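Here come two complexes built around chain A, the first alongside chain B, the second alongside chain C.
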Partner chain A sequence: MSDRSTRRERYERARRRRSVAIATISTIAVVGALVILVPLTPGWERVRQAFFDGDVFVETFPGLLSAFWLDVQILLWSTPFILIVSLLIALARNTRSPALFPLRAFAVIYTDVLRGIPVILLVFLIGFGVPALGLSRTWANPLIWGSVTLVLSYSAYTAEIIRAGIDAVHESQRAGARSLGMTSSQTMRSVVLPQAYRKIVPPMMNTFVSLQKDVALVSLIGPVEILRQAGIDKATYANFTPYVAASLIFLALTIPCTRLADWALARQRARTGATTIA
Partner chain B sequence: MSDEPFPLRPVESKLSLRGVRKSFGSTVVLDSIDLDVAEGDVITLIGASGSGKSTLLRCVNLLEPTDDGQVILDGVDIAEPGLDPDPIRRRIGMVFQSFNLFPHMSVVDNVAIGPRKVRGVDKSEARRAGLEMLTRLGLADRADAYPDQLSGGQQQRVAIARSLAMNPEVLLLDEITSALDPELVGEVLDVVRGLKAAGMTMLFATHEMAFAREISDRVCFLHQGRILEEGAPSQIFESPTEARTQAFLQRVIDAGRL
Partner chain C sequence: MRRSPALRRIVPAIAVGALVLAACGSDDDAGESADGSVDCAATIDDGVLTIATGEPAFYPWVIDDAPESGEGFEAAVAYAVAAEMGYDADAVTWVRTTFDEAIQPGAKSFDINLQQYSITEERAENIDFSLPYYTSNQAIVALEGSAAEGAASIADLKDVKFGAQVGTTSLAFITDVIQPNQDPFVYDDNVGAKAALEANQIDAAVFDLPTALFVSAVEIEDSSVIGQFPAETGGDTDQFGMVLEKDSALTSCVDAAITTITDNGELAAIQQEWLADTTGAPVITVE
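Right, the complex of A and B next:
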């Protein structure tokens, strides 16, 4: 090994050690300040009793966890529908034929309107509005309409992600496929969409993390999922600790997914050769 | 055997362009192009960038709609509006400057996808034929690699294999060596030599003048969307009559490319 490369290595190692040391010291300083300073605030004792009561936590946690299972279920059955609806909307927006103008217009209006209304309002409008049409008992279930709302709203967002993914596949790929005599739908299925899927994994994962949290909005129209259960527990114990417990349960699901999304993004960056400039 | 001194039928061109025009907005890219390509002919298109070579090829394989004129393949005008372009494109292969391989498919899948999707050949048969085609082009050992693991020259040979897998009657080559490092150009040109020997009808836009001179039956010099001069390679390269052709070739010579 040349003298130059050993010197470079030594320099890099020293630099790395220095960075680690600085990061450690600044972390200790910030956390230490919080631990020391927050309890010095005048209201801390009350906040601690109201939000961080160990007994209440232990008593309510199992109930919250089982209520959370409903959130997970809503998430699981909504996700496939979101993927299907958003793919259809994205494909509709990408059509060119004049005969399909109404379809294209519908897709544009759909994404504009549903992305423009807060999810919480949509939950009220659809969750209370549709059952009021006098549907039979089975169809008046708020779980159904809550899930439908999530599907409608999130499809609008993911349709735009898919459309961006389709647009990001270079025109030359289409030319390559069409020059072989493949039809436009064969080209879309075999060449464009498989490449688009790879491009949209990171933003789709981020949207999935938002969805995990927005599932709680379904509680507004009745179903006793975790947020509603926490509200009930809060009233029972006259204590906010259940909300903290519910937050922790959400984090147990969302943090791994967020990490996974970041990992997917980093892997994609590495694969496409994009480098980070220091 | 006929006693007639002349063939009974006039020799019909495999491919003819008649008065083909194409504009992008107010820019005229092709200005009344006439061209005849007989079966087994290799016609090269030379000319500066922007002279319309690529657009001409794209019009032949209907990737660009023509504004006017006829593109006649075996006596049928394929530029006729309203014609389904897909069955026609199956008969005309195209190889692109930037390869346009499908990055998410292995090399052999790139070659097999056309026959599978377009001709409905079953998967294992398409793979077998694809491997055979790759073997012909000396790429059998890269069959299961992905395009981005290959050198530019290998990628372009895969792209040619992908086109040939459809058994095209005419092959359009659009500056297929322009994106390659100089030392990789040779292997791709060798494939083109082999295709000529096998009698493939080719329309070849290129900046490789020495190669154009070697391989062409006829050379067309394009300038501002017109075929300004057309003739045998010896005539075009040694005694061009048009001042523009002379000037273009002089620039090529000055750049050390001929």
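Right, the complex of A and C next:
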């Protein structure tokens, strides 16, 4: 009995080693082909000069990094508002009282309209349009209205994720809680939402990664953040290397977040007993 | 990684071969309108000069976004230069490009590109510039009652919140010469700067003078050109050149044409026709 299980373990170990070996070889083959073949293309010299200029990279990188701080700031102060607004919208959409129909209708219109308009257009419409109503200099600040735009747009997306999470909690949970004498809001707060939150962590992380990149759209209405700084540097040197540098800086933030999202997803799969088939 | 010497020779040879093939492949129906000089014939389409401008092209550089009419300063200059190069109006095609398209590596969709490209040393490393066809002062546009109003020198502009278009020498002028206490806001195009003026997000915007005059006269109510910075007062002037592919065979031909129309007074006449009112704006001294 123990002998058979050991043989099985040996067999599985061998299969794993074989998988790793094949993955390694195919990776080396693909990367090697890229490294050897791309420089053979006739335009490679021009591309290298235009996109991978070491001097331009060194000169523009510090400025790009400090401009990136503005992106991080916008991200940090927008995210809490997005979470609050989206939760309110999702809850409004999940109300069941007939008297609250106007609230449900508002939530539907809010998500439909704000999710349906490209963020880039919203940034222009709100960023230039609202201050033109005659606001004072302090309140006309494009950072305020750019952030408001991100909150409006992303809360519409996030509200749908939360709503999906709420809907994924089985109706029997609600019925059970109500039969124990909980009120409708107690049921939502103590029974439905805690279960919904667990389900929505991976898609929320995805949306957060997407927000990290869309923050750059605020630059369209004036503030010089990393995308705009890269554009200025590109025009100064007539060279695209600053865009490559900016991409690397973005990756330094987004890759850890996507890894975290993957990890959250994997953990959830493991917990819910999903099996993995190679 | 470094390539072997043999490959270094072969790869350009392949590129040249491809170019020759492409040239042979194109139609020869346009006829020989070039003036016989070898340089002037090296266009992307045989017998046709392809000229690029912005999308849209703005007044007073191109009138009504229709460069084919030859109306507007740059449209008129383009046809004058084309004529000197041996291409009559029928042999000129217009295409539209963005700034990026004009400087990205690879084959170009145009022979020459003019949309107020300022000639700078850094840019010249990646693209060819013709000789300048226009020299412009920087100018400030502000609304009535702006913090920039009444400025007579750079010192009066330190606390002004500025805006400008990305990639322009106007932006470089703000950050390098005016050096205001607040960072300027930056926009994709002049329209953004105009919107920001109207939204009270900036006090003043910097444009090249002809654009500034048009913006203040036509596009933004209650605005005016509150000053220009001529070179003789220490201002940076902006020289506009046509953009060609790096090491283009046409560059010397274009330069010769611009020299001719500069010397025979044609360029000055075109400028008089389309940019006549640039002398009226008040002068701001830099030093």
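The criterion applied here is as follows: the second predicted complex is superposed on the first by the 276 of 278 C-alpha atoms of A that agree within 3 Å, B and C clash if a C-alpha of one lies under 4 Å from a C-alpha of the other, contacts with A are read in each partner's own complex, and residues count from 1 in each chain.
We adopt the following convention: a contact is a pair of C-beta atoms (placed from the backbone, for glycine too) under 8 Å apart; a residue touches a chain by one contact, two chains touch by 3 or more.
Fair warning: this is a prediction, and the values are worked out from it, not measured in the lab.
> Answer with clash or fit: chain B and chain C placed together on chain A by superposition.
Because the two structures are overlaid on the shared chain, the partners are seen to fit without clashing.
> Looking at chain A, does chain B or chain C touch a larger number of its residues?
Residues of chain A touched, chain B against chain C: more for C.
> Considering only the touch criterion stated at the top, classify A:39 as touching first (chain B), second (chain C), both, or neither.
Touch partner of A:39: chain C, not chain B.
> Which partner does A:236 contact after superposing on A: first (chain B), second (chain C), both, neither?
Second partner only.
> One more residue to check, A:99. First (chain B), second (chain C), both or neither?
Touch partners of A:99: none, neither chain B nor chain C.
> Which partner does A:191 reach: the first (chain B), the second (chain C), both, or neither?
The first partner, chain B, only.
> Just checking: does A:76 make contact with chain B only, chain C only, both, or neither of them? Give me first, second, both or neither.
A:76 sits against neither chain B nor chain C.
> A:132 contacts which: chain B (first), chain C (second), both, neither?
It touches chain C, and chain B stays clear.
> In the superposition described above, what is the shortest C-alpha distance between chain B and chain C in Å? Please give a whole number.
Nearest C-alpha pair, chain B versus chain C: 49 Å apart.
> Enumerate the contact residues on chain A facing chain C in the complex.
Against chain C, chain A makes touches at 35, 39-40, 42-47, 49-51, 124, 127-129, 131-132, 134-137, 140-142, 219-224, 228, 231-232, 234-240.
> Which stretch or stretches of chain B touch chain A in the complex?
Per the stated touch rule, the residues are 61, 63, 85-94, 96, 98, 100-104, 113-114, 117-118, 159, 162-163, 166.
> For the complex, give me every residue of chain C touching chain A.
The contact residues of chain C facing chain A are 1, 3, 7, 11-12, 14-15, 18, 99-100, 103-106, 120, 122-127, 161, 163, 166-168, 171-172, 183-188, 192, 195-196, 198-202.
> Applying the document's contact rule, which stretches of chain A touch chain B when the two form their complex?
Spelled out, the residues of chain A in touch with chain B are 172-173, 175-183, 186, 190-191, 194-195, 198.
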